[in-house]
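Below: a set of structures, written as structure tokens.
Next, two complexes with subunit A in common: one pairs it with subunit B, the other with subunit C.
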Partner chain A sequence: MRGPSAADLSLLVPELILVVAVLVLMLLARRIRQGQVATVGTVIAALTAGIAASQALSWGTISGFSGMFVLDGYSQFFKLLIAATLLLATLLSVGRRSDDGVPRGDYHVLLLLAATGMMISVSAVDLIPLYLALELMTICSYILVGIRVERPASNEAAIKYFLLGSFASALLLFGISLTYGLTGTTAYEGIASALYSRGLVSQPFLLVAIGLVVGGLAFKIAAVPFHAWAPDAYQGATAPVAAFLAAGSKAAGLAALGRVLIVAFGTETALLSPIIVGLAGLSLLVGSVLALSQTDMKRLLAYSSIAHAGYALLGLVAGTPAGVSATMTYAFFYVFMTLGAFGVVIALGARGEQLDGFQGLAAQRPAVAAVMLVFLLSLTGFPPTAGFVAKFGVITSAVQAGHIVLAILAVGCSVITAFVYMRVAVLMYMSNTVAPAPARFPLAVTAALAVAALVTLVGGVLPAGLMSWAVSP
Partner chain B sequence: MNEYIGIAVMFLLAGGLAGLMVWLGSVLGKKNPTPEKLGPFECGQEPFSLPMGRLAVKFYLTAILFILFDVELVFLYPWAVLYRRLGYVGLVEMGVFLAILMVGYVYARDNGALDWK
Partner chain C sequence: MTGYPVLSVTTFLPLVGAAAILLFGGGRRARWMALATTLATLAVSMPLYTGFDKSSSALQFVESAHWIPAWNIAYSMGVDGISLPFIFLSTLLSVLCVSVSWTAVQTKPREFYAALLVAETAMIGLFAASNLFLFFVFWELIVVPIFLLVGVWGGPGRVFASVKFLIFTLAGSVLMLVGMIALQKAAGTLDFRALALAREQLDPTTQGWLFAAFLAAFAVKVPMFPVHTWLPNAHTEAPTAGSVILAGILLKMGAYGFLRVSLPILPEGVQLFLTPMLVLSAVAIVYGAYVTLVQTDVKRLIAYSSVSHMGFVTLGIFTLDQSGVEGAILQMINHGIISAALFLCVGMIYERTHTREIKDYGGVAKLAPVYSTMLAFFCLAATGFPGLNSFVGEFLIVSGAFKTQVWLGAAAVWGVALGTAYMVWLFYRMVMGKPNPGLEGLKLELNARELATLAPLALLALCLGLYPELVLSYLRVPVAELLAFRGLQ
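Showing the complex of A and B:
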């Protein structure tokens, strides 16, 4: 057994950049008065980490840390996405007067650390580092949700999230221990070869182990029946934190789930398929139907994110590389359209958090209403936005895997969610103004909205460039 | 069995010495009982309270900080034992480890975690 070498550390460049930023900001946290310093530091860290991750996109597959950590196209794709999530979430947190009580330095430290956990989790090829990385992400998320300590709603949300999250972590850990007991290893490749060579399919415990591991990871992406935390946590958290969780936690969870399903349990399609079909079908149905009755925008987007977890899982049903690519594309576009929709909610302040606040927005701020309409159309899956490309990919892959009923359900749920999203659009364009016009947005927020809208539109028209990056592990 | 006799003797001696001290203390010592002295000792906390009662969080904060920096020593001992064999790489790695811990210490101090309010 040897310690990590310099070559191992070179695989960790994006994570190390974020960690250095964390350490500097922790030292400065009580010494800076201006929140802008923390914001600028986080933006620089996110940008450099994203550039470092994109540099390694074409390096091929390099493994390090005694085979527990891997750098490949799949991991770099998601690391780039996580860096973008961190960047946009940081920009969207600028200039929020309602968050005055939030310590800015600590807030950005937690965002950076959560993003570090996400980045490590997409590169982990062993269940133990995966667990550690996901815990780093979730523990920071618990604190972020409860960061407005003086507000009871924020505390309540954090406690609910913490209790359910701890339970889900215990499930994941139990699944990992059962997997280790069956196969004698926690490395993905080792698990796959042990399952193949020893013929463990008939072992009843294998189903339990896979179910627990998948369940623990399904919590991170808020797939039904592990979704109960999402609406409460999003509603109690500040809107930028909710946006960060909805986009980042889901992307990292999907990446981890994809790798576990394809590499570790890839041989057990017969066992996996019913579990994933169940998760996807329930998420689609519950997320779409419950979104119908929401009047709080953060809750509405939470249920919409649950439905989108269902769509993203459609690509994993088949267990083929093409299906995983479809899920990756879905995750990529989902992150930008969700951050965009949350971004408009954030930018409108207290008004944007209620559905009624969108009444007559188009008359007051036509540009904002138009941008919101782009995100809503994309979330619905309407061409020529990116949401259509993403949905088309995952539904096609479900059909190719022979799950026609599931595909029909997915299209049906699209119609239900269309009603949810179009209700917001109708309020914006077809009702009278009730509130005074919103103030001018800070430059950072406008920039974040512009980036999200650009990706959503360009991704819908020219998706081929992105899809060539989306390669399965 | 012979090798265990030493351990048995040590147990007897340790138990005997401790018992002797407690006995001597109770025989020779002055007794001036107050309700506080007679209560069970639990690090400044009420030994019995309702589950919904309030408790001071500062004890836990101190305890957690103590554990953090105590565990640091667990890593320092093996490093000290293998110091020569690890060479400069070990020195740098340990320096980075300690620097990160020191950032945590500065952060805790900045936030008043060490002030006993």
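Showing the complex of A and C:
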């Protein structure tokens, strides 16, 4: 074993950019009185990290750090997505923290560090760095959820999230140790070749190991039955933090899950498939049905995000590269439409956090209502929005794998979620009672909404370009 | 041929117009911009009719471009003799929708006309699409503007009606989505023509399941009995323009789906489901007609009459007989003209009286002779009066039905008789007799704009009644090809 070389560090450029931004902000934290300094710094870091990641999209596969870390199309795709999540979440945070008494510098440091963890996790090809990276992300998330220290709701959410999160981390760690015991390695390639050569298929321990690893990762994407934290955490957190978690944690979790399933346990499709089918089916059903009765927008979007985890998992059911590509496309579009929907909630301030707050919005803010309608249609999966392309891809891969019943369940749930989302549209467009007009919101929020809406619409009409990037590892 | 891609320009011009209205259509400009857009759309579509070769069953005005190569899906458009009349109807009715909304729509005119134009794009695109994916995109696209048209500008029960419409159509179309994906898995393509060639690879069981999946979507849109219950709500609560689009075009989408997908691609599935389809059609005709008889709300009455009339259409399609299918397609056009005209008539008088109850009318003939003449004309057309358009269509369908099964023909004739009863009775209650005191002092007579809105439809009804070849000549070759599978059985 040799230490990391300079060549290894060059694989970490996007992560290093974020870490440099973290260090600068930490040094300046005490001096930062104006929120704009931290915001501008984070925006610049996210942009440069995103550009750095996109530059390497077509470099092919380069591995480093003794084969623990890889730079390939898959990882760069997700790093680009994580950089975009960070960028939009930062923009959406503008003008909100000062009201909540949140320390400005610390908030951005935590966002940056969580994004760094996400980025490392999508490049990890060994279970140990994967665990470390996901812990970095999750621990920052706990603090972000509870960052409004003087608020009991925020504390409660953070504690719930922390307890369930630690439990899930323990599951993941236990799964990793079992896998190590069975295969003698934690490297994905090593696990795959050990499983292939020794034919461990019949071992019940292997099922337990795989189940625990998948369960630990399913927590990150809030798939049922590992979903209980999401509604409480989203509700207790500030809306921008909830948006960041809903988009970023899910993207990173899906990326990790996809790579583990395809590379490490790729030979065990017969064992994996029922687990993923169960997770996907339950998430679809529970997420869409429980979303029906929600009156708090953040809880509603939380249950919606659980249902979307189910859709995204449909791509992984088959265990084929085409299916993983479909999940990647789903994750990409999901991030933008979810950040967009949260963005509208944020733009409307306190009013936007309640479902009733959307009453009569179309009359007061026609543009905001129209943008929200686009996100809602996309979340429902209406063409020609990106949500439809995403849904078409994952359902195709479920049907290709022969899971027709699951596909019918998925489209049936999309009728249920249509009811959920269209309830918001009905309130916006068809309600006569009008709440007091919302305050103006900062330009940064407008910019974030515009970017999200643009991706949602253009991605739906011309998805071919993006889909050509979405290549499975 | 012309120098521009006619189908794409015709399809997307309304969308451009909608965007322009949203951006620059403040105040009274919106309706002018909408009128200009719909007229321009009608104008740019003209080469379709002058340059069309009726003797060929091939797709014409074909356009194709790469779209989503990963799924082997292209952006491909093309029309044949079956789709062409519907494009004309869509572009024409859109102009009339703008015209009838001229003074009726006072709230949020910008959004109203934008939604109307998006719906126009979806209608035209659906009939111009030559692959199933694109077809599905337009199929779903129309749901959103109609949902908004009904829910925002509709009557008192608009919210319930719009949500019911949305859930019903969505429940149907998601099964079509699964069917479409399964079809792609089985045949490797979604292009209509290629699918029709690949149908031999699909075994009868698969075809049966696929037929059922597509049936869910098509039956809701037609609507067939028993999934018609969204229609009375939506038609009744919709603003006039919304009712016109619903009755004129949206109901035709389902039947068009049968012609475009079920018959050519899933012939074995059609054979499996033939009897239930015929029975359901006959039930829709007779049941729909009886329910129509007892309605007290004018719009609801016309809405239920659509259930009965669309029963004729599905009956004609599933006779799988040349004259039956030709009659069904002709009757789709006819119904598009007549029910649209009837909804226009009702909308025009509703704008003055603000009531849809039949008992609030009576003696309109004395107060508004021109209006009453127009209404009489369209009521007669709806009953299948000889010399007017419905007569030919119904005659062809009934003759096709008699050829298939005698009892089907009997049910159809029964439906025609009931249809005469409810239309004449409606006319009698609204127009004849002493003027209702509630109508005193209202200026009920049509103005020039309204007359000009109804005139094209009256003219079409008369021309198609006297010379049905105007449409039938387009249908002969493609329908013969559509039914060619019967020879192979």
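In this text, the second predicted complex is superposed on the first by the 468 of 473 C-alpha atoms of A that agree within 3 Å, B and C clash if a C-alpha of one lies under 4 Å from a C-alpha of the other, contacts with A are read in each partner's own complex, and residues count from 1 in each chain.
Everything below uses one rule, namely that a contact is a pair of C-beta atoms (placed from the backbone, for glycine too) under 8 Å apart; a residue touches a chain by one contact, two chains touch by 3 or more.
All values derive from a computational prediction rather than experimental measurement.
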Check: Of the partners subunit B and subunit C, which touch A:R31 in the superposed model: first, second, both, neither?
Finding: first
Margin query: If we overlay the two complexes on their shared chain A, which of subunit B and subunit C does A:P383 touch? Say first, second, both or neither.
Written below: second
Check: Counting only touches as set out at the top, which of subunit B and subunit C does A:I395 meet: first, second, both, neither?
Finding: second
Notebook entry, point to check: So, A:L23: does it touch subunit B (first), subunit C (second), both, or neither?
Noted result: first
Checklist line | Of subunit B and subunit C, the chain that contacts the larger number of subunit A residues | finding: C
Margin query: Once chain A of both complexes is superposed, is A:P274 in touch with subunit B (first), subunit C (second), both, or neither?
Written below: neither
Notebook entry, point to check: Both subunit B and subunit C touch subunit A; at which residues?
Noted result: none
Check: subunit A touches which residues of subunit C in the complex?
Finding: 22, 66-71, 108, 111, 136-137, 140-141, 143-144, 147-148, 151-152, 158-159, 162-163, 166-167, 170-171, 174-175, 177-178, 181-182, 184-185
Note to self: Under the definition above, what is the set of subunit A residues touching subunit B in their complex?
What the structure shows: 3, 23, 26-27, 29-31
Checklist line | subunit B to subunit A touching residues, read off their complex | finding: 89, 93, 100, 103-104, 106-107, 110-111
Notebook entry, point to check: What residues on subunit A touch subunit C, complex-wise?
Noted result: 325, 362-363, 366, 370, 377, 382-384, 388-389, 392-393, 395-396, 399-400, 404, 407-408, 411-412, 414-415, 418-419, 422, 425-426, 429-430, 463-464, 467-468
